[in-house]
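Input: structures, listed below.
What follows is subunit A paired twice: with subunit B in the first complex and subunit C in the second.
On to the complex of A and B.
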């Protein structure tokens, strides 16, 4: 019974924790302009993150080694450093975007200027990362993030023409007023938003934090394979609401308020209140995950003690890195840069940094020295190889597309 | 952990199995990475005598050709500190076992001593240019293979081929290891990579190069089956 509760809790937190500021903004933007004609990109991204999260989780459970350990062991200190610097920049950017997202969501409620909220939010995030238990960080915000299910309710309540939506999702077509180049740009952005590297850093390090053993592989798999796809469905629900409400009015999404607008139209004040709670929980939870990921990656590269499972004074480097990262993220936001813009950039740059992270995971998941009998099966290898190719393609295409379409203008 | 076999009892590839691994103390706490490995000449040849850790070891490997320069700069960053360019040293006597990490027999408090740096380094052996007897370039040292002799791991052979250290990704150990596409690519890239017995090679540590006594095709057998 306890095992089933564990699976249920894991699945619920995976759903709530899947959506972060990148998914919220990108899916609403894409939904308002392209409807669900790009749902396939989210779908592909979700399958990709399932494949590699399962692999990295399995490596962590069997060998006790999280992802960044593998990165340095397999590609050496020099390429490892390149990966550390690039993924650190992206994760920091995402961290800033998440803190900005929390601030924007709170601003929608209290109407105080965002710059006054940012330092308070950053302080709260740091306090949680310093003091709170790992299980609280993971479960509490994951569960509260389920409030975002209100988007699924709103989509259903708005009563769109499901037949037309299905047609849109299953045919390679775009709205007539859009270009194929922007279509491709947003496909890469959705892919990057679903597969951001911090997710595997956090997921595998979290496995070590919780002391996974090979016996936990089943539960871990259930969480990934049920939770992440449901989280992906939630992302698509956000697209649907944006398409139905904002699409006909030709409103583009450039603020968090516009992401929530369709819920207000469909369900009124109560719905909006729940959506706002979901925004705060999802972005705050993701802020904690990204903040921890910065600490995990740096400490794992240099071999310093990391983790919430030891006392802070036993993992000083780890906590100092987190503190500095929080200050840096807050400092970026205090320049009054638009958090939505940071979000857009972070998901595109994510796509660029993915190959260096996912290649070592794929190689080590096949190495019997680490994995014993738990090496990848043929299915995981076929999918892993296909997605490695997809990830490289997205990485190569991301920057040229960003420049060519002027960030999807 | 399914594979708790201690790798120190068998043959290992220095770079693949030991370098850059996590150091874990007797209480399970982390104290650093294997940033380099100290080799000492003995009766049987070069043996692994200590693990080196810390910036003074890492910076040299990070810098590549600029490594020595970077270490000097590292020392100059704080002239008041004695022996700053010497890495922290951890004798192999303190190592309990080697699996996906290096497990020590002691706690991490004050276990390191700053007396590394005198011996030879695996980090400088890796990547050395290898020359044929007639002076042609044969490739680079991609990894170094050690075997246990009288409770020490002794250098027995070198993997010589094109590309840099680490580009074998571990496929020299098990060429049937998946995924198939990746294994095929590595096999193709390293089709001329060979294992050379250390007795057939002269290592010049000052010039940082290796000279073979016989041509590579003759001296070495293929590292990967094609």
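On to the complex of A and C.
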């Protein structure tokens, strides 16, 4: 019974934890402009994150060691450093975006300038990362993030033409007033948003924190294969609501407040309140995950003690890195830079860093010295290679498309 | 034989580059006709989006489906976004043949910004009596923005 509860809890937190500020904004932007014609990009991204999260989770369960520790050991310090720097910079950018996202979500409740909220949010995130137990960080915000299911209810309540939506999704039909270059840019952005590197660091490091063993591989797979796809469905629900309400009015989404408007139209104040709870929980949870991921990656690379399962004074490097990352993220946001812009950039640059994140995981998962009988099978390798090609293509295309389309304008 | 770089010459070159960069940076941007037209279209499109957001917001407020503080931020964001777009476009230097269009576009953008400011003021004051009048103004503004967009023509990509 306890095992089934563990699976259920893991799945629920995976659903609630899948959506972050990048998913919220990007899916609403795409939904308002392209409907669900880019749902395939989210679908491909979800399969990709499932493939690599399963792989890194299996590595953690079998070896009992986290990703970066093995990456440095397996690919050497130079390539390991390249992997560390690229992944950490993207995760740091995402961390800033998430803290900005929490601030924007709270701003919608209290109507105070976001610059007054950012330091308070940064302090709260740091305190939670310093003091709260790992299980609370993982479960509480994941479960509260389920409030975003209100978007699925709103999509249903709005009563869209499901036939037309299905046609759009299956035919990848681009609206006539949009360019293919913009379509491609948002496809890469959605792919990057679904496969954000921190999700894998957090997932595998979390596995080590929770003491996974090979016996836990089944539960881990259930979390990945049920939780992430359902989280992806949530992303598509956000696109549907934006398409139905904002699309016909030609509203381009450039703020978090606009993302919630379709829920208000469908469900009124109660729906909007639930959506706001979901915004705060999802972004706060993601801020914690990204903050931890920055600490994990640096401490693991340098072989320092890390994690929430040891006292802070025993994992000094880990906690100092988190503190510095929090200060850096808050400092960036205090320059009055638009958090939505940081979000958009983090999503695109995530796509650029994907190969450097996922190639080492594929290499380690194929090493029988670490994995023993749990080494990658043919199916996992075919999927891993296909997605590695996809992430390389996305990485190569991301920056030129960003410049060409002026960030999708 | 390699010669050592003259520090004075290096400093002078860097200063010249910095001054050139500053001069170029301070000068108004001078796009050609086609790219100026694209920017005008894009600016009108973005401000139309802000007006449509404000319209949706007021309609939902009339139906009591949105919290006051949430509405304040949405209204403020719409106004701020329109203001940024207007000032950015206003700094673009049109070619002489586009001077008349420049007037039309900047006037339409500026008028839209004024209406969005009035929306924000009414929303912050919870002046529900003003919403109907503002919705009519927003409708007229959106029509005007669409008219100017059509005069300019579509984007060239």
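FYI, the second predicted complex is superposed on the first by the 408 of 409 C-alpha atoms of A that agree within 3 Å, B and C clash if a C-alpha of one lies under 4 Å from a C-alpha of the other, contacts with A are read in each partner's own complex, and residues count from 1 in each chain.
As a convention for this text, contacts are C-beta pairs under 8 Å (C-beta built on N, C-alpha and C of every residue); 3 or more make two chains touch, one makes a residue touch a chain.
These numbers come from a predicted model, not from an experiment.
Peer 1: After superposition on the shared chain, which partner residues are touched by A:111: those of subunit B (first), subunit C (second), both, or neither?
Peer 2: The second partner, subunit C, only.
Peer 1: Please indicate which partner A:276 is in contact with in the superposed arrangement: first for subunit B, second for subunit C, both, or neither.
Peer 2: second
Peer 1: Kindly classify A:181 by the partners it touches after superposition: subunit B alone (first), subunit C alone (second), both, or neither?
Peer 2: second
Peer 1: Would you sort A:366 into first (subunit B), second (subunit C), both or neither based on which partner it touches?
Peer 2: In the superposition, A:366 touches subunit B alone.
Peer 1: Which partner, once the models are overlaid, touches more of subunit A's residues, subunit C or subunit B?
Peer 2: In the superposed model, B touches more residues of subunit A.
Peer 1: Have a look at where A:130 lands relative to subunit B and subunit C in the superposition and call it first, second, both or neither.
Peer 2: After superposition on chain A, A:130 lies in contact with neither partner.
Peer 1: Could you tell me if A:255 is touching subunit B, subunit C, both of them or neither one (first, second, both, neither)?
Peer 2: A:255 contacts subunit C only, not subunit B.
Peer 1: Is A:162 in contact with subunit B, with subunit C, with both, or with neither (first, second, both, neither)?
Peer 2: The answer is neither, since A:162 touches no partner chain.
Peer 1: Tell me the contact category for A:409 with respect to subunit B and subunit C: first, second, both or neither.
Peer 2: Touch status of A:409: second partner only.
Peer 1: In the overlaid three-chain picture, which partner chain does A:264 touch, first (subunit B) or second (subunit C), both, or neither?
Peer 2: second
Peer 1: Tell me, which parts of subunit A touch subunit B in their complex?
Peer 2: 62-65, 69, 72-81, 213-214, 299, 301-306, 310, 314, 362-363, 366-376, 378, 381-382, 384-385, 388
Peer 1: Over in the complex, which subunit A residues touch subunit C? Could you list them?
Peer 2: Interface residues on the subunit A side: 107-111, 177, 179, 181, 245-246, 249-252, 254-255, 257-258, 260-261, 264-265, 268-269, 272-273, 276, 409.
Peer 1: Report the residues of subunit C in contact with subunit A in the complex, numbered from low to high.
Peer 2: 42, 45-46, 48-49, 52-53, 55-57, 60, 63-67, 69-70, 72-74, 77, 81, 154, 157
Peer 1: Under the definition above, what is the set of subunit B residues touching subunit A in their complex?
Peer 2: Contact set of subunit B toward subunit A: 1-3, 7, 15, 17, 19-23, 29-33, 35, 53, 58, 61-62, 64, 99-101, 164-166, 169-170, 173-174, 177-182.
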